[in-house]
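Beneath this line is the structure, given in structure tokens, with notes to follow.
Naming follows writing order (A, B, C and D), and every chain is counted from residue 1.
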Amino acid sequence: MKPRLDVEICGVSFKNPVIAASGTFGFGREYAEYVDLNMLGGIAVKGLTLLPKKGNPPPRIAETPSGILNSVGLQNPGIDYFIEHELPELLKYDTRIIVNINGNTIDEYCRMAEKLRDVPVHFLELNISCPNVKQGGVAFGTHPDVVYDITRSVKAHAKQPVLVKLTPNVTDIKEIAIAVEKAGGDGISLINTVLGMAIDAKKRRPVLANIVGGLSGPAIKPIALRMVWEVAQVVSIPIIGMGGITTGEDVVEFLLAGATAVGVGTANLISPTACIDIVNQLEEYMVQNGIGDVNELIGGLRV
Amino acid sequence: MITSHMYKMAFLSEGIALNANPGQFVHIKVPGDNSLLLRRPISICDVHPQTGMVEIVYQVVGKGTRILSGMNAGQVIDVLGPLGKGFTISREIKSAFVVGGGCGIAPLKLLMRRLKEMGVVVTALLGFRSREAVYGLEEFEMLSDRVLVTTDDGSLGRKGLVTQVLEEELQQLLPDIMFACGPTPMLKVVQRLAKEYSVPCQMSLEERMGCGIGGCLVCSCAVRTPDGGFEYKRVCKDGPVFWSQEVMLDEATIGC
Amino acid sequence: MKPRLDVEICGVSFKNPVIAASGTFGFGREYAEYVDLNMLGGIAVKGLTLLPKKGNPPPRIAETPSGILNSVGLQNPGIDYFIEHELPELLKYDTRIIVNINGNTIDEYCRMAEKLRDVPVHFLELNISCPNVKQGGVAFGTHPDVVYDITRSVKAHAKQPVLVKLTPNVTDIKEIAIAVEKAGGDGISLINTVLGMAIDAKKRRPVLANIVGGLSGPAIKPIALRMVWEVAQVVSIPIIGMGGITTGEDVVEFLLAGATAVGVGTANLISPTACIDIVNQLEEYMVQNGIGDVNELIGGLRV
Amino acid sequence: MITSHMYKMAFLSEGIALNANPGQFVHIKVPGDNSLLLRRPISICDVHPQTGMVEIVYQVVGKGTRILSGMNAGQVIDVLGPLGKGFTISREIKSAFVVGGGCGIAPLKLLMRRLKEMGVVVTALLGFRSREAVYGLEEFEMLSDRVLVTTDDGSLGRKGLVTQVLEEELQQLLPDIMFACGPTPMLKVVQRLAKEYSVPCQMSLEERMGCGIGGCLVCSCAVRTPDGGFEYKRVCKDGPVFWSQEVMLDEATIGC
């Protein structure tokens, strides 16, 4: 018997719990050459801003042990361009679309939410955690009060359910997550990248032009799992867990820790078929372990 | 091993051998060591469509290329490609200068083969560190009409920089087009000369890459926009070959 | 010419900047079978408490991508036993001794500092960052005010210079470091381990009996480098940088970022000769790069 | 490969071959994949002091053992050892029961060789999952006076658990000592039987390890203290062999 892979988040059903994470999958188009996008649970598009954004100077990527650092700095064509030119392409596929939005002010987030009201996307994802922009960005995600305000404000403007994407660079992720829930946020995505730095010992320079960047990939999986676990103990809204997932077993670990779905980021940079490979491995794990429904795994850690 | 730091590797991939354009690259997963996540971009040096054989030439600079250089015949390798936008060769071209420096020479072999097939008169200007770093000369001689070699130390060919010879040649005769690949300082001079002598020029750039297929936006290079500003383009998808007048080669761009 | 490897911290000279990090080198004795302890810059001994401590139940270690998680929980024979039975052994070697102390209350730290007043060790290292103890531990290290208080109080009781070892599990490491400096702390050790978790997908259980543990090893090097760099910008007391160092080049990176010396932890678990291998590689790097004095590297990052 | 999941590997190390005691282990660095940091502890199965050859037998359970099982003859391997405290065999011993379960049988070969050399009468009680999992029987038969085999499914020897046979044997005759190695559930029963029948018993434990040499305190096992409490000892240094009456085998201890 084929196991059931579908999960539900805020009343929206996903064919499987695997979502391409924001910033690592473009607007899907480049990946369509390699995989059938219809097979993905969902796609979180590249982080958008109100106006187009150039991003940071290169080099923007460094390799670290079992991880990578990036400092893209939210390069994107702006939300209007996205709605007009990129989204129509994406809408040809039968998958859930999550629009990752980024602002310098609370007002910018709200204006983007307004622009998306009548657009057929499934979720907004408030990125209040990007470490690569100077203004706003990570600062938003580190104070529970600010997180509460931004979530509440955007909720007042948004038509779609709102996921809030949290930064791991905080002392207590639980209080931030609680603020999201109290403010009416519909779900939590975590984790974004961990602030890090790489140095070229030979050139005696930082590898990244931006000096610091965001660490992602398997190296951060233990941190991500811990945060998903911590947050799952204190909120009841769904969690999209991410950070270092490269295999189906990794997905199982995040679901056990309490995530309802997962994001796959860095793995897409290693192999364009990563998301689909992971879905297949998840199904294989379920068959081998006699699990008929993926929902049985969610929060199923035995402690 | 073809010089003390350069290695040649050949592998079978019909898809790549049949579809590769000069200037395109392959994106190679380093085998074995899972702590190295990223693929390594390496130019396609030559292809043999009949046999499906693909040739690459690379320098050992770090962990990834070191592991590649230790691979044995028969091992399987995970390669994506051909990727990127290669050199554009229009039918109108009659003569070309091909300028290469150091390990930037790799992608020029397939380019010269195609130019030759199209009957273009090719002058190859190749710069090396020293005699020990020189490789593939016979092949380049077969594939072009004239090969001019320089070495930094004068141990083979002219002593000096390949761009000095390029300038002298440009003073003699202007080709329809120039193609260049090499370290950033070399490309900067080529860029300037192309402008001064008004010769259209395509150059292949390098940048650290993630996905290699245009999805992650990490491999940026600054390209001039009509409004006098610039925007970041993707070396992996919009390049690696760009027209010299559009790219801005600043300090941030890393060399090979 | 043999390059100069010696560095100075608070007037105490170290023959080289490589210090075995606390908890990964026991009290040195086990390692003496494999390496000449006289060749180490220093040894930070296993974390001590006022009374003996059992530690956490096993399993206490998990392997993660390029990292490990541990949940030893400060198992140690207590400070009195250390002074009486372990220290005399250590004193036979010509290396700097750093005593890592851990308390449940500020008073406990002070009492340990008192006990060490007339004992010939070179530094106290206040571990206010161990994630594996319930009371105190990490909580101390996350609030600048508490960090200030504890540093100031211990300084009033201590005879030796006091290093404060910080946890990376905070929103802003800079404000914590500034608190240490303001309170009269003599130096800063960072980073301790990053809180993480590993799950066994087959057993559907946490790998560690303690559920969560401290992540160390190469995986966290980018985080550690970033924090050393950040802290070096805002304080002028010396920094002992650590987190994921396994090679001589790693040491160079930490020195460039602003550390005066480094700690080597997890690498000792991989190879008992790690510290010495690293000293040798550092020397080799210096020879190859024409650096005559290791002090030239400290803070020498070109940005 | 000696069964579908068990592999035997031999390597040369004079130091280990000459100094190993039964029950000691080696700590092996997994080659190639730098994302796997920790060494893997594997019992010394047998040694040949004349040739310097060391034998280990291991089960493929995860990434590390999978990589080990793919190694080829001639490759170099980074091994620390011999480590830990092995079995203690006093001169007074005349008869012994050696109890092994599954992959816990590995360290018993060298033990039985030493017991035989000392003229001890040995009964080996070996439990396996099924016929396919059985290995090394001929050798065990050569090295002991009697070998009793059980399999969970009865496909070879007695059907059932090795501890059932052990209890029957203890009812017949009490040996001077018992030695045991195997999964925790088995060890628990052996521990109980040793107590009930008042036979001294040494058992080899497993725990996840870091350094393997006693420095990091991660490999703990609970050992009773005279005051009725317990303390954590290091499996790598104070063990892996402990007296059965002192160890507390609780849920937290992982099996093989």
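Here is the rule we use: a residue touches a chain if its C-beta (ideal position, glycine included) is under 8 Å from a C-beta of that chain, and two chains touch if they have at least 3 such contacts.
Computed from a prediction, not measured in an experiment: that's the story for all the values here.
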Centroid comparison with chain C (C-alpha atoms), farthest chain: B
Whole-Å separation of chain centres (CA-atom averages), chain A against chain B: 36
Mean-CA-position distance for chain C and chain B (Å): 46
Separation of mean Cα positions, chain D and chain B [Å, integer]: 58
Per-residue multi-chain contacts in chain A, two or more chains: 62, 65-67, 217-218
Multi-partner residues of chain B (at least 2 other chains): 34-36
Arrangement of touching chains [line / ring / star / complete / other]: complete
Chain C partner contacts - residues on chain A that touch it in the complex: 62, 64-67, 69, 142, 169-172, 194-199, 201-206, 211-212, 215, 217-223, 225-226, 229, 244, 249-250, 252-253, 256-257, 285, 289, 300-303
Chain C residues within the chain D interface of the complex: 23-26, 30-31, 33-34, 46, 54-55, 57-63, 65-68, 70, 72, 75, 209, 217-218, 266, 268-272
Sites on chain B touched by chain C in the complex: 34-35
Residue ranges of chain B in contact with chain A within the complex: 29, 34-39, 80, 207-211, 213-222, 230-232, 237, 250, 252-254
Complex contact set, residues of chain C against chain B: 65-66, 218
